[in-house]
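Both complexes below contain subunit A, partnered by subunit B and then by subunit C.
Take a look at the complex of A and B:
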């Protein structure tokens, strides 16, 4: 790797001793010898296996749950339903005051997506748990479901999640996250060209090689060790503490090695119910997603829809940008209100635009709840924005890279969120990219700098 | 469930176990014998994380019944380092940054070992072909391919 230390040499602190030095990864000796301990590499005598009974419907009222046959199945030790969970309705981000609590650990009265957990079965073997789970009888009254964000937002659409009472998340700023900067209509009025385009994405599954799960072992003194591959250790500990109504000091979480996550293991789904199961049976419990569950049940990246309208001048300046973004949360919030909010912050792009107007909605549908994944809320947005940038450049017959130089934010520029740009270095990155890709731009762009003295 | 006796050699040492009929080798190795180096990523023969070497052949331990391994000679990644010295493949994976989460690594190393045992000087295409049954969601494969080629070169130099 080449380090270009000539950039910003006069403004940069140069006490960076590690950057540019190869360093061995701490964990790779364990990986190459097969000695790294993943959560499932632990085995406890007398361990029970947990299998979930899941909703076969996208949206249904639960009339009744009958677990009597399952309980009689050989090898079954206990069956758990909603009434066994101390604080059954929760939401992950309540820890940072983002509510309301809107998701059940085990469904209570209603299911809102196909695959939702309804009943947990604990048995001596995985097979017995699976067979018993098939014997749980749930009587459903199927309700109309909504799978499309536009449909969900129409008046009269079936309400997906009563805890919200409407099919979108209510921010403190209102129906959506908003950014307002300058006068976007005035910007469009002065623009030489206007381009409005819609971009859409589908949900994406992380598909980690190691599936989601945990193993819980009672440690005595009503304390529980939870070996887990969570990517969000303290979120999980604190949420488990709320759900189980147990002090955090009773919960001993052991993690560290995650066999691939990509954001897909930040939700708090497997640990609380497994800890509860260990508490109620007094035995170690293993709850591991099968590959099929991983693909169908774990939260994907949200489907998104982005409508971008730009006003551009013949000389290449973008003078107005209006964006409406929609994030499909699925049936529950998880991290999606935050994802939609990130989108609002991101849609101006790394560009200085004097008039910006942004609304982003977090929409509920009867689809698998979506959540975090590698830059969720901004990755799809970036794709849409940069495709839009190419289209704008084409519209005014300008080189797409030169077009970006004209609009790139530079130190001292005011961003649409009223933050002064600092340490942008975007111009310099594009100059290097132009060299590396052998995509020449006019000399005047190669002479530009992101850094402005005094900025 | 009926239990059957199974005897095989695992990384050079004799193992004798009573195993429930129908138990996979993956399950037997991990949960009975305590060698957790083969990983269960899919339990359906598609990810390669559970790969082991049985009598010189690359096999998916999640699709192999333990009871069919009587008398077999089984190698797993846990048995590759000798006297605390890493196998050239392990060294190369370590040096080439070919592991991220590490979950696919033991299976990858097994697949690579079978290749190098048969084809000491593989082409890049040979490597790609040999690893094609192993899924890695983290590395993007290129560092893994480079590691195998590097290990092959190290091998041929030490042989010369």
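Take a look at the complex of A and C:
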């Protein structure tokens, strides 16, 4: 790695004692020698193991649940169903007043994705819990499912999630989060060329080294310690408090050292049910995803579809940009309405465009609920935008790197979501890339600066 | 049939933190009786090295070496509130909270030292090695060890401080989408060079040259590990990863690392990392959040390089050999 200190040296104070120093990480010897303690390194006497009975169907009505054989299985201590969960229907973002509550801790009357949790089995050993889970009988009436966002948005499509009543999230701004800036149609009318393209992605997995999980131990004073690898301690504590209808003072969360998250550990999935299990049995409970569960059950990055229509002038200026973004939330909201909204502010890209029109939709399908992942709401947008930029440059026979200099945002430019640009540095990144990759651009671009226009 | 070479570029920005939920973070700092400092947080270290960075931020602010600082993360009985480690907010939000807490603790520390040295607190400075000196008269000094002993056993003072970082929640305007989702942005530009075998559709990333502007590299070695790892993740996302290759078809979901493809050591591109620092006005020592941004520009840069090499656009991720071969076939068919 090379630190290029010559850029922005006038606005930076160097020469500090600790900041800017390449100090070795104090925790790395523990990590590389296996001595660091992770949540799963704890073991409590009498600890029970929790295994989930999961839906084999993408969409089905539950006619009945019979746990009697599972309860008789040797080693089984307790079996939990929806009726055991005090506030079974929840949504994580209710903490910031984003509703409706649309997801069940344990399925109640219906399942909406393959892998959804239906019944929790607690046993003395993992094996006993696994064997007993296989003995739970659930009678399903399979319902028509919808996996494709376009299909889901068509009139008459199966309703995925009754708590929404429609297959998309309803924002206060309507069916989508909107950004409107300038007059996009006037921009297209003025443009020398118009290019409309569609970009798509499929879900991807976070693939953390450490799988999702927690161990809950009663502390003997009516409080419960939850050792967890969540990325968000109070997010999880506060949601657990709502789901369990327990005062937060009864909950003690311990975490802090996590073997990779990448956004996959901000959902609140394992902790509430494990705390409930510990409360109802009075014993420590371990609920840890197998690698298969991590890959099949935990939220992936959402599949997205992005439609971009640009109006560009022969001289390289983009004069209009219209973007429609679709985020496949799967069956439940989790963090997706927030991610789709984040995309709305981002879609013009790091470019100054006078006329912008953006709609972002959060769509429900009978797929594994998606949620946060590194670059949440933005990664697929960047792929789409920057491939589009390459196509636009070639359309007007311009060098793709020079084309970006013409449109790059600089300090003082107004962005489409109506914030003045400050602290821009795209120009300088591109200048340095030009040098490093030996991809020369005209002198006038190498003379530009993010500080101000015309410089 | 041939192996063809191509090059592509992409430029991006990335918001540090999000204000759409008004996510706050708090920090507490206190000294032990022997002049070490404890930072207490509820933020989570995901392996990115948050504890180390918070220790360096606290140490710089108080004026002690980093190894005099211990960071206790994520115990809700002791740590003050944090919404969590996500949205590229860890270093930026918690770092600001730690600076505020450490400044308050430093002020108490200097007041105690001033009483011991019989001078004004405003006349004191730290040497970064664990001592407090009188400005202009460095021979008149006291160790932080002795200051802490005095505070705890003689003067009944708590060398401690409270910090918090909160940007008020931004509510998007319904019709225009006017909003303030973030206060600072990190930037990047990547040039990828690839080889595409037009017989097999296989893409080899020969090199990625990544330029990242991250506000401030608080610990350059840790910045490097984050940026190299992120660059690998971007390449992996572009060419390999998918839980469902025929999305929205639900078949072929992976169940383990034998079935979920990611590039191995032999597939690593030659990776060049260049870092620029334009400090953000509201960042701790100017730092922005590079952790998510660094995995994004490789994806379109590789896609554009594939086009440059063989003349086909793959607008659906991941860019698999199958998709390239189908596109080449369509191109040949005219």
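Everything below uses one rule, namely that the second predicted complex is superposed on the first by the 433 of 455 C-alpha atoms of A that agree within 3 Å, B and C clash if a C-alpha of one lies under 4 Å from a C-alpha of the other, contacts with A are read in each partner's own complex, and residues count from 1 in each chain.
We adopt the following convention: contacts are C-beta pairs under 8 Å (C-beta built on N, C-alpha and C of every residue); 3 or more make two chains touch, one makes a residue touch a chain.
Being a predicted model, the structure only gives us computed values, none of them experimental.
In the overlay built on the shared chain, the residue A:43 is in contact with subunit B alone; subunit C does not reach it.
By the touch criterion defined above, A:7 reaches subunit C but does not reach subunit B.
By the touch criterion stated above, A:35 is placed in contact with subunit B alone, subunit C being left untouched. Once chain A of one complex is fitted onto chain A of the other, the partner contacts of A:258 extend to both subunit B and subunit C. Which of subunit B and subunit C touches more residues of subunit A is settled by the count: it is C. When the two structures are aligned on the shared chain, A:211 is found in touch with subunit B, with no touch to subunit C. When the shared chain is aligned, subunit C comes close enough to touch A:114, but subunit B does not. Within the superposed three-chain model, A:346 lies in touch with subunit C and out of touch with subunit B [touch as defined at top]. In the superposition on the C-alpha atoms of chain A, the part of subunit A touched by subunit B in one complex and by subunit C in the other spans residues 24-25, 27, 31, 207, 257-262, 291. Looking at the complex, you find that subunit A touches subunit B at residues 24-25, 27-38, 40-41, 43, 206-211, 257-262, 290-291.
Touching subunit C in their complex are the following residues of subunit A: 1-5, 7-8, 11-12, 16-27, 31, 58, 93, 95-96, 114, 147-149, 172-174, 177-181, 197-205, 207, 230-235, 237, 251-263, 265-266, 291-292, 295-296, 300, 303, 328, 338, 341-342, 344-346, 349-350, 358, 365, 367, 372, 374-376, 378-380, 382-387, 389-391, 400-401, 404, 408-409, 416-419, 422-426, 428-430, 432-433, 436-437, 439, 450.
Residue ranges of subunit B in contact with subunit A, taken from their complex: 30-31, 34-44, 46-47, 49, 76-78, 80-81, 86, 89-91, 93-94, 97, 99-106, 109, 135-138.
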